[in-house]
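What follows is a group of structures, each given as structure tokens.
What follows is chain A paired twice: with chain B in the first complex and chain C in the second.
And now, the complex of A and B:
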């Protein structure tokens, strides 16, 4: 059974007003448990609106959202429970920090869940470990942390609720390349160890290609593709038409093939491309 | 919730009211507010309301939007009306309850008060709906410029107002964002008693203050980088000029004022 199902979900902002816009239109989607889904699309393609439906921050104008096979809007007063199950971490999450200490801030979610003191402490420490925050930082004020550390603390605040599904909206936005890589591998590691489903919204094809197991492409408020990484990137032409691209390294391999060099184009990370080229050059033949 | 704030909102359009000189618009709105309180009987009030409705029609602002600005203070109107109903003394007794009396004068006062407050809100919203915030502050700056004689820095005040208005939508957006982020962590903003609700605001207010200060610093730096000092006399790109249209509106208001005064004289004062 898919852990997330959307059926004909449409959301219209400002319904009934002359300025109404449909941010997402008629989305049908099934996401299986344990996937790491990369969500890509242009600015304004409906990515953020889509993910806000998954934890009930937005209510679909029409259609239904099923989490674990349950319609989240069927029962009244159910939404808070849904939010604990589906952790959503917004873009630039460091602006949500507010407590006196990092520990207390990360504990905000678990405390809202009504966990006991011991359980809260356990999940805070576990979350801090996942994001790589040193224990001595936990007693500091969140406003004294560096930018990268703030980001980690904020992500930990969502992870500490032990959500079954973790959604991260542009977690690497505004970070330097090293910071990006660290956050991405931390997400991958988290998904592997907890076995939870992770959705990662991103602009960067490189980011998505390096960690995702599946890719979801949004285009003009509609779901354009939802498939494995290979299948999505093999449709490079279609992606180009949407104003999206495949990763740079894949483009290089496509270019090589067009020049008549016998290479496969299913290369998505620089590491893999390096390995392929090296073995090709060494062996003369591939 | 935060989106219900309509004061300072602008409704784009090309009507005659939009084209008016904002200085004239502000002054005429003030005069109109005085006229609202001059009306002493239904005839005068009818003329005033008709004038206001005419203005609404000319502006092209949907009536629904104006009513929306009334929604927020509906309770205030209601309470004022009720209080006036009981507090006004004199006149014929219509209903004698043991603890209070309702007189015809009370009923009239209640009606007049409700109409007055509604007209106050509608006319001032009409002004802000048809004037962009920048035009508005620009006009206020010029209207206040005589105060320079008293060493009051009018342009600094105007800049502060412009900035304050400019950041209302930004702050609303920011509040929405922070609320969503905290809701996603299970913050419960809707239930609980008064103290619990006030406590629930802390996770929203702290980040809001932090980001407001950050924004203020950034803005100040950006302004300094563009050599803003606030003290010297700045020239303008857009010069305001009164046109024939403005004189027509001024004439209209004078006619209204005269009409209301005359109607007050000829007919019995109800309050």
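And now, the complex of A and C:
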């Protein structure tokens, strides 16, 4: 059974008004448990509206959202539980830190869930470990942390609720390459060890290519693709028309093919590109 | 070629925190000249001092010691501030924080209006600025309806309308989608090539930096590397050591070289990489 199911979900802002716009239209989607889904799409394609439906921040104008097979809007008062199950971490989450200490900030979610003091502490320490925050930082004020540390603390605050589904909106925006890589490896590690389903909204095709198991493409309020990484990036022309792109390494293979070299273009990491070229070039020497 | 901006032994630190504890220097003993008409990319990890450096170019930051000269004018002298800001304009990361008006052309006119320029002249400058960033058709649009890339181009037009000679952009594409990034980068390249405007681009994206004539890498508040894109990116180990990266095309060439393939390792972009590979594969 899929962990997330959407059936004919449409969301219209300002419904009934002359200025009404549908931010997402007729979305049908099934996401299996344990996937790491990269969500891509141009600005205004509906990515944020889509993810805000998954934890009940937005209610569909029509259609249904199922988490674990349960329609989240069927029972009154159910949404609070859904928000614990589906953790959403917004863009630039470091602006949302507010507590006196990093520990208290990370503990805010689990405390609200009604966990005991011991359980809360356990969750906070586990989350801090996942994001690589040193224990001595936990007693500091969040405002004394560096930019990268703040970002991690904010992500830890969502992880500490042990959500079954973790959604991160642009977790690497504004970070330097090393910071990006660290956050991505940490997300991958979290997904692998906890078995949680992770959704990662990103503008960086390279980031998505390096960690995702599947890619979801939004275009003009509709679901354009939901498929494996290689299948999505093999449709470079279509992506380009949607204002997206494919990783540079994929563009190199597409370029080679256009020049008449016999290569497949389903390459999306440098490692894989290297492996294939090496065997072709070494093969040629023999 | 003469320099439009000169850094002479420049050090700067931000004001002490609430407890009065002196902060470390954000940049230390910088000596740099930015040549008129050049396109310079500034790289560095978060906290390396690159934004501080950018803000020193137009008197948002003023050196603690040393001097910054813009067309020969010392930025520490308040009498020069207006002239310096007219010469060097800045564009920041978040497009939503730098648009002030409710109509695109009003926003672009904001700068020249503040300079007390004649209305007809403002009209002319606004039209010209919007045309040069390909946003003239949107002159009557409401900024909130524009995409991120379009908003950034409006911000650039706002700077151009001041008849700025140099534009300093501090991570202008960090919040944009791929096509938005492309729009902004091709716009600034064109302004540099066609109008001769000096461009200083602070960025985290290596693929953007390879487009520049010169790449400056900051680390711990000092200049860590300075040269052409090819010179700088050929030292990938050094860049990795300071938290940076090289483009995937360069990474691929390095790996192949290490794997015993006779390929040049100063490849910068996909075009060069494809050409090198095609000639190897067709041999």
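We adopt the following convention: the second predicted complex is superposed on the first by the 284 of 286 C-alpha atoms of A that agree within 3 Å, B and C clash if a C-alpha of one lies under 4 Å from a C-alpha of the other, contacts with A are read in each partner's own complex, and residues count from 1 in each chain.
In the analysis below, a residue touches a chain if its C-beta (ideal position, glycine included) is under 8 Å from a C-beta of that chain, and two chains touch if they have at least 3 such contacts.
The shown structure was predicted, so the numbers you read here are calculated from the model rather than taken from an experiment.
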Clash or fit (per the criteria above) of chain B with chain C on chain A: fit
Which superposed partner A:125 touches (first chain B, second chain C, both, neither): neither
Which of chain B and chain C A:206 touches, first, second, both or neither: second
First, second, both or neither for A:146, with chain B first and chain C second: second
Touched partner set for A:186, first chain B, second chain C, both or neither: neither
Which partner, chain B or chain C, touches more chain A residues: C
Degrees between the directions from chain A toward chain B and toward chain C, using C-alpha centres, nearest 10: 70
Chain B versus chain C as contact partner of A:98, first or second or both or neither: first
Chain B versus chain C as contact partner of A:29, first or second or both or neither: neither
First, second, both or neither for A:274, with chain B first and chain C second: second
Chain B versus chain C as contact partner of A:248, first or second or both or neither: second
Lowest C-alpha to C-alpha distance for chain C against chain B (Å): 5
Those residues of chain A which chain B touches in one complex and chain C touches in the other: none
Of all residues in chain A, those that touch chain B in their complex: 52, 55, 57, 80, 83-84, 87-90, 93, 95-98, 108-109, 112-113, 143, 157-158, 161
Chain C to chain A touching residues, read off their complex: 44-48, 93, 147-149, 171, 174-181, 204, 206-207, 243-245, 247-249, 251-252, 255-256, 259-261, 270-271, 273-274, 277-278, 280-283
Of chain B, residues touching chain A in the complex: 177-178, 180-188, 202-203, 206-207, 210-211
Complex contacts: residues of chain A adjacent to chain C: 41-44, 146-148, 173-179, 203, 205-206, 243-245, 247-249, 251-252, 255-256, 259, 261, 270-271, 273-274, 277-278, 280-282, 284
